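For clarity, chains are labelled A, B, C, D and E in written order, and residue numbers in each chain start from 1.
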Amino acid sequence: MNQPIIQAENVGKIFPGGGGGLWRPAPPDVRAVDGVSFEMTRGETLAVVGESGCGKSTLGRLLLRLIEPSSGRVLIEGTDITTLSGAEMRQMRRKVQMVFQDPYGSLSPRRTIAQLIAEPLQVFGLVKNRRQMRERVAELLTQVGLPPSVMDRNPRQFSGGQRQRIGIARALSVDPSFIVADEPVSALDVSIQAQIINLMQDLQQEKQFSFLFIAHDLAVVRHIAHRVAVMYLGQVMEIGTKRQIYEVPQHPYTQALLSAAPEARLDRPYRRIVLKGDVPSPTAVPEGCSFHTRCPLAQGICRVERPPLAQVAPGQMAACHFAAPNSLGVAAAGPSLDKSNSPRARA
Amino acid sequence: QNSSNVIRIAVSAGGPRSVDPNQTTQGADNWSTEQMFEQLVRPRDGQFATTDDEYVPTLATSWEASDDGLTWVFQIRQGVQFHKGFGEMTAEDVVHSFNRARFDGVNTAVMGNIADVQASGDYEVTFTLTGPDPLFLGSTVFQNGASIVSKRAEEEKGEGFNTDSIGTGPYQLDRFDIENGVFLSRFEDYWDGPANIERVECLYIADTTAQTLALISGDVDIIEAVRAPGWVDQIRQRDSSLLVDMTNPGSFMTLHFNLNVAPFDNPLVRKAIATSISSEIVANAMAPMGQPTFTLSPPEYPTGWAHDELPEELRYDHDPEAARELLREAGFPNGIEFTANTSQREDYRSSMLIVQELMRASGINMRLNIMDHSAYHGSNRQDQNTLALHAASFPPVALDYMMRYLSTGAEVKPDGSGGTNYSHYGITIPGVDDELAAMQRATTMEEYTEIGRGIELKLQEDLPVMGLMTLGFTAIRNPRVDLGYEVESGYARWRFHRATKA
Amino acid sequence: MSAPLLNVQGLCVEFGPKAAPIRVINDVNLRVDPGEAVGIVGESGSGKSITSLSILRLVPEPPSRIAAGSITFEGRDLLAMPKSQLRHMRGRDIAMIFQEPMSSLNPVMTVEAQIGEAIMLHERMSRAERRARVIQLLRLVGIPDPESRLKAYPHQFSGGMRQRVMIAIAVACNPKLLIADEPTTALDVTIQAQVLDLMKDVREKLNTAILLISHDLGVIAEVCERVLVMYAGHVVEDADIRSLFENPKHPYTRGLLRAVPSLTDERSRLYQIPGSVPQAGSIKQGCPFYARCDLRQNICAQTMPAMSRHSSSHQAACWVTQNLSEVRSA
Amino acid sequence: MARYILVRVLDSIPTILLVLTLVFLAMRILPGDPALAVLGDNAHPETIARFREQFGLNDPLWLQYLNFLRDVFTFDFGNSLVKNAPVATLIANNLPYTLELTLAAMVIGITFGIPLGVMAAVRRNKWQDNGFRVFSLVGYAVPDFYLGAVLLLTFSLSLGWFPINGAGTDFASRMHHIVLPALTLAMLKMAFIGRLTRTSLLEVLGRDYVRTARAKGASERRVVYRHGLRNALLPLSTGLGLSILSTLSGSVAVELVFNRPGIGRLLIEAITERDYPVIQAGVVVFASVVVIVNLLMDLVYVAVDPRIRVQ
Amino acid sequence: MATIEQDFAPPEPGLSQRLRRVFFGRTATVIATITVALFIFVAAFAPWLAPYDPMAQSFISINKPPSWEHWLGTDQFGRDVLSRMIWGSRNSLIFGFLSPVLAALIGGTLGVLSGYFGGILDRIVTRLVDMLLSFPELLLAILVAAALGGGFWNVVAVLTVAFTPGFARVARATTLSVKQEPYIESAIAAGVRTPVIILRHVVPNIMAPIVVLMTLWAASSIRLEATLSFLGIGTQPPAPSWGNIIREGLANIFATSWPIIAGGLAITIVVLAISIIGDQVRDELDPEIN
């Protein structure tokens, strides 16, 4: 395989509690992302899943340096972007683009579709004049399945799914090599969601950009990702190929997540593991393994020592004291979790 | 509530500052000191004395001046009691009162001519003057600061004397209330027999509308009139039974040209302005209070000139066209334009608005910058004005106001330390210092008046300052109250010792 | 068949001025039997919430109004009933849970006061009895250490716990019908699992009928026995859960089932329904799904098909599949 | 909670300091000379110089500033330059009248404003609501000095029902005197408070928890008062703070129209008379009232909003 | 890939369209709009409309009641009250619009910058704004006017100072929320420069509440100017302004009450009309505010 397109090395983000003042104590810091490392190759789709507030979006922003990391480095095609100057970073943005969750909020409401899609083009001087600009916009609109005739309309006139297409067209306009999509379908209706997923899949295959796909819906991820990372409280709990994650999940959290997702069918594939309690606040991440407060397997060691993200199979890593490394490459079952709770293998 | 035992007068000020006659700086306060204090001599009630002969014995029974005019001996009335049991008035009290006025008052300047005051007996006081003063009674003895106060009381009360003063007048102080006013009650042991009305209340109502409403509603008996056009008419229109008391002449309204500021350095311009303004029109607008004046002194005063007495070329009769012609001659064919400050106080503001309008007809465009009253005086005192209107009431002692307005010593200074010679007369152009000195040395009234009238003529020629009009001080009175005398002239306050109320 | 607990017939709801109304609910029929769990699915804006709010006449009026139809509960007509009488049924006979646990609780009242109020409004009880009942309810919905939580305010609870409190309020008077409008949409999957479990639990313990509204067929499948599918203000299919999944009759339902990605099947491509969801009320005639339907025929554009029965527990509103089944049954 | 209050109190210190500095500087750039204002137009130059000396008007600015701060913090504002009294006395004499007026206006404003607002919200778009909206718009549009003048001319001058000047002495006459001025200010307050009640109640009535209450079977009354008004009070309490303060500032014009004693009139008079110590003290008093009222309203907010209280 | 047939919603109205809807939406607003337009017309064409010079005095006809020559009579200087009212509308209306516009410019800029960049600037601005906002506008205006004195530009300055913090706060708050909007992040991600982002994406999106505030404060501003002039620290005579026409009229109340009646009505009507429009603008543009 060629050089990784993007590398995250131990990236972390702590949001300072802020506020405070002369006399009041500052609120506690938010540990949004905590020591995340991974790399992606060209044409690969990595999905990041996890519950609300676990730091998925923050991670996405860090990768594009939309916020400054508190620790770690991000390399794009070998360049450490965390040290680039403002102007250099702007140039780098040609390579990396983003698609947002909120189809209603991500398009500046007082501009036309053409203006919106062409904005990155103009920033990088990729179009010389108006005619060229409109031609390019028309081309992009066709690519995302919209008639070019709509380019002078205003985003308000579009439905959620259509706006998401426009957002994608905008991201594609500069032909990036890396796109972060932050929950691009979770605000959409089911029947529209399928359209967008298919569209993104097609485009990715065609253009071969690397794709970081953030989602909380495991079922959606299954259809688009090559690899999946599961996050909990700012940390990656498990990362592996799609197969590994869905069929032989090693981390109890991954298993619980899979089992909790409702399925539109009568024969539920996974037996329910109902986790107790709520997700702890990222302002007070538990000591030791951050999942121990809800983990059905938690032991004494979990409360004290944080398990490292360790290889459990080739290409699969999990952060659990009980996920034993398995050199065979096929983790037949989960860790010491009750066998009956493990996901049913596909027939 | 408004019984016949009390006279209530509303005065235009926020609140009383002092009832010590030697400390009053606010005209309104004098309504109460007028009732509480007396001087050695006084003019007849409701009048100004134009000469010393017209003064009547009050706390002094008789007086005599030496031939050189430098020594004056006063016999003090016996048996005069101070308020609130502070005993009988003696020469000691008189000397003390004058010394206070000379060294410690708000108007020490007017006492400048006194070299010494001595008690030459229990009931006799001797004044030694630095120079002769044919108008000594008017210029010095009948000054507010020379009101006779109790020495003992003053020493006992110290600072507190300000708000708890002891005099010999027909009314004594009951309550000094800085918010609401001064409350007086009849002094039963008054030497001239107790007054008719039991109480006098001086209520302080700054807002002229509120004052007017208070009179109309019968809450108060007397208010100071607002010196604005039509005001007296409108209030009589509302209630025709109301009575008007007015002094004549009242305050001098004088216009001072700043000779240091172009184009007022040009005598033709000054003449043009004088010609564009009509004293009659201004005075008429302010009817019935306004009276035209043609020189600095009003015609009623000894040194004043009547219109017809003046030489034709110094009358400056109202003639817009002639004024334009003068301007053209002065090199301003298109007229002139300037900004003048003025006070927002009704009398100033109204007068200046009328003047502004009159001048406009002759192509003189005066922009008015109307400011707060004290700010206005501040700007005048710091030599920041161009055409300054000044209002002040003076007794018929020409030297008094001429010194203030015309002597080089009173020249206005930018740092505010100067006097009220706003025109820089005598400095920028030759003035009348010599004549003033001669006037000071005059021993007879005739001589004094003669020089004074000469000065007036020179003023008409030089025009550093022009008399605009006099504005009578006016009060509106509920007809139930009878003052017991007619108000004709005098300071801006009336005595109530002879008043009755139906 | 037993007498229905709730029977909604021909319900129509309109918005906007009377002169130019926008009909967002169109001829909806809905029936819930005692103890039964019925689900309503549909995409955003299809009229699920308005339907459920109409039952208790809680639709905001104005701007909306119930234009036609009848709603009977245990044989009594809720629409004809005076408001004062209806009030006594709210909370006691029919209770509701709403989508937003964050905003559905009064922020300035304690948890005890809010649950207590639900009891107080319908039952005479002493203060102490009421408190005991509140504690019992909190325990029922799985709030640990309920005694110490009585004086807590909603903001001190997490989303999941708030939804539990909402459920406690809803079941406070042992209602016969519990209407839950997307009770778990705002929650995380792991918390959603907890709440769904709780609902099933409560239903078992109290034998309450449930009307569960969701846009997620998976959620409905967990709890319900029967499902209504709504599309643009119309009920397009009404079936027991099994036959719906196995043999959907309406093209929309079919598309939906195929478009939902699955956790377990790895289709390389998802089926996609073309076009977008119409605004409710924007379709004036014909089948609302016409524009996106792959089976459409001319008649579909003209006339809205009536519900046709495919089996005793399966109805759908489609000209095409209706004819197919007629052909088959003929 | 105690900590919160403490922090809030400490927080207002910089505000006060800033206000004080601004007041001080503003006073020094005012045109006009206090000496002349006090001594009159014809005062002798020497007298003026003596006066300036006596009142420290010749000191360097920083010294005057330090003296000023010291005086403020020892509540010693010195003597009025114009009136023969310590400024503290003047303030003490006048403040009660202003507070009395503000209080009376607020009481009238609240007792009528809140029910009016509730009525308008509950009867939204009915005639009651429309009537109220017209009233509140007009109430907002009429300047208070104008309304005051009209009331004064009608009820005091023409009809003679109420006194014209001053604030009265004994209790009965004080009550008699305060009616019209208080009513003048209260009109605006009624419009403002009513409007605020209406909008915040309407907003609250659209909230999910109100729907919850209805779904529980609560009566409309209960929904409005127990669930609605309680929550509407939150924005209202901030509004009330503002309203108290605007009543206070409105009292300046009203005191002038009705010729009542009070801080507002004192201040305006002091401004015309260049009475530095009184202007300074007046502004400091107004500023302190502002800070205190805001502080109190914050505390009220804490008291009614458990989200802040319980922490 | 097949293009799906689209059903696009009809164009949603933009700001200008919505404003048009505001003015011609309801009868009350239409009347209010016409009223304001009428006053603006009068103010704009004062020199042609006023029958007399507002300063011209005539001491033969002072304090006259209304007549054919003088529709609203004359004042104590014999000046035509109607002409003074007409010229006075200039002062009042110019204040009504000038101060809010200036304040919107200054406050808006400050608010946008402090909201967008945060940091020390933001802390200073919020602190100052909080402090100033805790003072009622009138009080603030009185204090500042006391320091500066009256006169046209001073009063404009006073009112601008009094209004600026409000705009700064609203601009800051909306900027903060707009800054949270994904489209800003989207612009950053696209590499757009910060000044361009502010001008192109932030400013247009905070205009609605600013416009709302401007209309609401136009009314306040007219009222405040009248009050200041009434207190004697606003527009200085002889320049007419409705506030000082009333002030002078009150001192002359027994001679003629027409100046008071006319001045009071004019203020009330204009403020009322602008408030009605302001309410409508708010309802239309920004139901959140207030």
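Note that in this section a contact is a pair of C-beta atoms (placed from the backbone, for glycine too) under 8 Å apart; a residue touches a chain by one contact, two chains touch by 3 or more.
If you're wondering where the values come from, they're calculated on a predicted model, not measured in any experiment.
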Completion exercise
The pair out of B-E and B-D sharing more C-beta contacts is B-D
Problem - Furthest chain, CA centroid comparison against chain C - result: B
Exercise for the section: Could you grab the centroid distance between chain D and chain E? Build each centroid from C-alpha atoms only and quote it in angstrom. Expected result: 23
Completion exercise
In whole angstrom, the CA-centroid distance of chain B from chain C equals 92
Completion exercise
In whole angstrom, the CA-centroid distance of chain A from chain E equals 49
Problem - Whole-Å gap separating chain C and chain D, where each centre is the average of the chain's CA atoms - result: 53
Fill in the blank from the handout: In chain D, the residues touching two or more other chains are 30-31, 256, 271-272
Problem - Touching two or more other chains - residues of chain B - result: 216, 371-372, 375
Handout entry: Residues of chain C engaged with two or more neighbouring chains
Key = 274, 276
Handout entry: Residue numbers on chain E that touch chain B, as the complex places them
Key = 55-57, 59, 62-63, 76-78, 149-151, 232, 236-238, 250-256
Completion exercise
Within their complex, chain E touches chain D through residues 127, 130-131, 134-136, 138-139, 142-144, 146-147, 149, 219, 223, 226-227, 230-233, 243, 246, 250, 253, 260, 263-264, 267-269, 271-272, 275-276, 279, 290
Fill in the blank from the handout: chain B residues touching chain E in their complex are 208-209, 212, 216, 226, 228-231, 233-235, 237-238, 281, 284-285, 344, 346, 349-350, 353-354, 356-357, 368-372, 375
Handout entry: chain C-touching residues of chain D, taken from the complex the two chains share
Key = 125, 206-209, 211-220, 227, 230-231, 234, 304-307, 310
Practice task
Would you tell me which residues of chain E are touching chain A in their complex?
Solution key: 1-4, 6, 8-12, 14-15, 181-183, 185-193, 200-201, 204-205
